[in-house]
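One chain, subunit A, links the two complexes that follow: it is found with subunit B in the first and with subunit C in the second.
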Partner chain A sequence: MDDDQGLGRRRWQLAALLSAPLLWLGVAYLGALAVLFLSAFWTVNGFTGEVVREFTLDNFRTIVTQEVYRNVTLRSLGVAIAVTVICVVLALPMAFYMAKVASPRTRHWLVIAILTPLWASYLVKAYAWRVLLANDGPLDSVIGTPGYGLFAVVIVLTYLWLPYMILPIYAGLERLPDSLLEASADLGGRAGRTFRGVVLPLLVPSIFAGSIFTFSLSLGDYITVQIVGGKTQMLGNVVYANVGAANNLPFAAAIACVPVVIMVIYLAAVRRSGALEEL
Partner chain B sequence: MRTPAIHLSGLRKSFGAVEAVAGIDLEIDDGEFFSMLGPSGSGKTTVLRLIAGFDRPTAGTVSLSGREVTKLPPYERDVNTVFQDYALFPHLSVIENVEYGLKVRKVPRKQRRERAEQALAAVRLADFGARRPRAMSGGQRQRVALARALVNRPKVLLLDEPLGALDLKLREQMQVELKQIQRDVGITFVFVTHDQDEALTMSDRVAVFEAGRIAQVGTPEEVYERPASPFVAGFVGTSNLLTGAAARTVVGRDGTFSVRPEKITIGAEGAPGTVSEVIYAGPVTRFVVDLDAGARMVVVEQNRRAGKAQRGDRVQLTWQQEHVIEIGGDRAA
Partner chain C sequence: MTRWVLRAVMAFGLFFIYAPLLLVLVNSFNGDRTFGWPPHDFTTQWWSAAWRNGGARDALWTSVKAGLGATAIALVLGTMVAFAVQRFKFFGRDTVSLLVVLPIALPGIVTGIALDSAWRSVVAPLGLGKGLFSVIVGHATFCVVTVYNNVLARLRRSGVNLEEASADLGASPAQTFRYITFPMLRSALLAGGLLAFALSFDEIIVTTFTAGPGIQTLPIWIFNNLFRPNQAPVVNVVAAVLIVLSVLPVWLAQRVAGPEAGASRT
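After this line comes the complex of A and B, so read on.
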């Protein structure tokens, strides 16, 4: 009897402890997502501007059939892929140096150097790049500026999300025992061979973890695009325009579903490849 | 004169202010089973890493079969290593692990598979090729690591405390197997261990390390029976040191002497003392006896007779004169 009572009380304590986070997850997090999905199937009355709560696939039909939206989707996808690939290429040697070459002291400072930009406001950093990339700006007077546009968007997004790629790869390398690298060298493997044969395969989960950040953050971005993108439009801008000027919330919701669907497909592909089960 | 498989000359290695290896000269013969024995931090593993090429010495040279390799990277040295943590590649299957060295050296696929299968069969893991290392037990992983190194037919195999993580039973079994494999393949084994039993059982010769230097090199028998210093006597076996007044009373002259525990009998005559501890250990019993002359002696007796000495008993210890070792000198008394 005493045991039963004790168990019951512990259950209550557990329930009390978890109720707040569960409420948040259920109502605020999943609830908002559900409303988003639901409203994507509604429309707006062209005259009154009021939301018509009737199920229709019109919004999605528009996205798929109209070339503008297809182009915006492909452009966003291209930018997200480019940013992710550049981040991987930059992060790998950087993280490797931090985890395996640098002295503990240098490593310490490098981690701080990578984390500090994250403390600064996103807007400030984006505007800093606007100044950098301006005609007759600092970059222009040294090597020439690509000007505002798609290329500038890729540069700035890469700059913004690079820490999110470096940190998981760095953590992955820290977990990688030095003896594996030594074993490869011992068996005749030069640096390149060791990197391709041992380091890279073991870092796949870390790279995927980082890519989920860089990919999804790039896919949904609209502020950087507005600041340095010139006339470039990405999915986020279309959402923003439909929420604001066009006042078509259902269509904005439908557009917002596009990156969500792309991310779900990406995660499913990662899972299917079995890359995350290797370790 | 034959060229030694390994020749170390004036070898030093410092890490910052710490001198891990403080001047080592050593020759290891071709086909020898050579052990480096010492407490942790005595520099034995560092010497192994200098031979393998993972670290560069601060001073001195490393030569393999007469060729100086001091500045060469590990992948240009004809040695292979069995790591303490085995260092098997977790993303590769067992057979792929064993094939790795051959693949790097561009051995054709068919030949590579054949040799890897032979190597796995040699360590009795023929049917385990498709498994992942993490699905293997500690002893099996250890054998995979051995196969992965031996398949490359190196001139020298370096083993860094390879049995350290195994339980006692498996350890003893692997000691016998390792020795057999070494005899079969006939290559030089350099074996790092802190376990004196292991070093004594397996080796042709043993180097005892103390604080970055070699305190003594010799056959197991030489190192055990004629230790060059009190440190060696204490590290290889129980030393039972007699110094100062105790030496004068018991041995009859000044010096540092040692009598191994198994050479002492508890009898009716000899040096008197009191039993302070009785430790039963299955086949033998260890007695700790405080001699009246002022030394503490450990005596090991086989458990063949009943009526052993008890704690607090007055006893007398005897041994034959030839079993008294004068440390740093010849066996004499």
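After this line comes the complex of A and C, so read on.
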């Protein structure tokens, strides 16, 4: 009897706790997303600019068949992959130095040094690179600048997301006991072999966890592309252009599906490695 | 040998991270309007010009208001979800945590246009057009996750023993919350709130789509002035200020919770 009352009260408590957040995120936000993706199957009347609410696959047909959109998709994928790979290559030795070589005191300061720029504004960092890469800018006067374009986009996105790769790898390395490295060395493993045979396999979930950030944040970006990309177009730019100038929300929604679908596939693929628990 | 290679990569990495930021700081004193490099003479006139710039000041104020509003909402909603997920068992619990992460996991532009079209088709007909409030709503949507994560981790670690003891000793639920639960959560709320504010303060994409006419947050102001050469020195000073300010939350987190605090931005 008393238990029944307790259970009933707990139900009410749960309902009170969940109602507002679920109304906000579950109904309003998820509803908005659902309508957006539904509208990907609509079209816009070319004359009036009104949205025609009839089911059609035209938008997706356009994306798949027209070369422009295929290229934009491949370019965005290429940039996201390049950024992720460069981040891994830079982050592995940096995180290893922080976790296993530096003294505890130095380590403390290095962690702060990696964390602090995360709080600096995204826009400020992209802006810094715009100045740095400008013709007659600082880089130009020292080693020459590649100028604004695809290469600059890759550099700046790498710059922006590098800490997101360093931190999970560092956390993974900190959990890795030193005794494993010593055991490998005692058994005659050289540094390179120990790294490939012992460290790397244990770090795979951490690397994937970091790659979720670097990959998805690069894939959907359009601000950096506008600031340092010159004429480069990525998926985000096409979405933005179709919401604004072209006023074709259904097509924008269809294009926006592309990075979302790629991310869902990517998440499903890395999920098995246990990367999602590392986030 | 390996040690030296690692040290070199670390040094290069830090240089790569900090050189562009230092450049902005130095350029804010560069006497040359077009940032000729290396700088020939130094001036503080851009700093005073930025200080007098009404647009930047208004934008800063708008950003602070939006950040505080979004943080307040995120603190309430995030704490509620964290309590529900950690203290109760119910059908669809995993889905709820996924739902909280979703706004930050999806590309910002997706969240942005979804909220924009929902606002235009549902809220605007009720007579509430887009303005500062719609920005706060948009920001709060993706800020909930930071508070949720921090409070959830704290609840998981501290368990319910103290609260049960308090109840056994005759404290009312309100007293238990006031003297046990809230003090226990305080630093987690601070960390989550700080992250939420930073996330909102820095956000540009969702803001682009949810801001009403005439509403300019600081990132929007920077972006709008980024491509205007005659505004470059003032934009640069604003950027320099933001770089200097970014030390603040790290320092605060260090004071409150030790070196590992603030390690996760999401």
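Rule of thumb we're sticking to: the second predicted complex is superposed on the first by the 267 of 279 C-alpha atoms of A that agree within 3 Å, B and C clash if a C-alpha of one lies under 4 Å from a C-alpha of the other, contacts with A are read in each partner's own complex, and residues count from 1 in each chain.
What we mean here is this: a residue touches a chain if its C-beta (ideal position, glycine included) is under 8 Å from a C-beta of that chain, and two chains touch if they have at least 3 such contacts.
As the structure is a computational prediction, the values presented were derived from the model and not from experiment.
S.K.: Please work out whether A:Ser141 is in contact with subunit B alone, subunit C alone, both, or neither, and reply first, second, both or neither.
M.R.: A:Ser141 sits against subunit C, while subunit B stays out of touch.
S.K.: Counting only touches as set out at the top, which of subunit B and subunit C does A:Leu25 meet: first, second, both, neither?
M.R.: second
S.K.: Is A:Ser184 touching the first partner subunit B, the second partner subunit C, both, or neither of them?
M.R.: Touch status of A:Ser184: first partner only.
S.K.: In the superposed arrangement, does A:Ala120 touch subunit B (first), subunit C (second), both or neither?
M.R.: In the superposition, A:Ala120 contacts subunit C only.
S.K.: Answer with first, second, both or neither: which of subunit B and subunit C does A:Arg193 touch in the superposed model?
M.R.: Only subunit B is touched by A:Arg193; subunit C is not.
S.K.: Who does A:Tyr159 touch here: subunit B (first), subunit C (second), both, or neither?
M.R.: second
S.K.: Have a look and say if subunit B or subunit C is in touch with more residues of subunit A.
M.R.: C
S.K.: Which of the two partners, first being subunit B and second being subunit C, lies in contact with A:Val35: first, second, both, or neither?
M.R.: second
S.K.: Once the two structures are superposed, pull the subunit A residues common to the subunit B and subunit C interfaces.
M.R.: 279
S.K.: Touching residues of subunit B toward subunit A in the complex: what are they?
M.R.: Contacts found on subunit B: 52-54, 73-75, 79-81, 83-85, 87-91, 100-101, 104-105, 148-149, 152.
S.K.: If you look only at subunit A, which of its residues touch subunit B in the complex?
M.R.: Contacts found on subunit A: 177, 179-180, 182-190, 193, 197-198, 201-202, 278-279.
S.K.: Which positions of subunit C touch subunit A when the two form their complex?
M.R.: Going by the criterion above, the answer is residues 2-3, 5-7, 9-10, 13-14, 16-21, 23-24, 27, 34-38, 76-77, 80-81, 83-84, 88, 90, 96, 99-100, 102-103, 105-111, 113-118, 121, 140-141, 144, 198, 201-202, 204-205, 209, 219, 222-223, 226, 235-236, 239, 242-243, 246-250, 254, 259-260, 262-266.
S.K.: Inside the complex, what are the residues of subunit A that reach subunit C?
M.R.: Touching subunit C from subunit A are residues 10, 13-14, 17-18, 20-22, 24-26, 28-33, 35-36, 39, 90, 93-94, 96-98, 101, 108, 110-125, 127-132, 134, 136-138, 140-141, 159, 162-164, 166-167, 171, 191, 213, 216, 219-220, 222-223, 227, 236, 239-240, 243, 249, 252-253, 256, 259-260, 263, 279.
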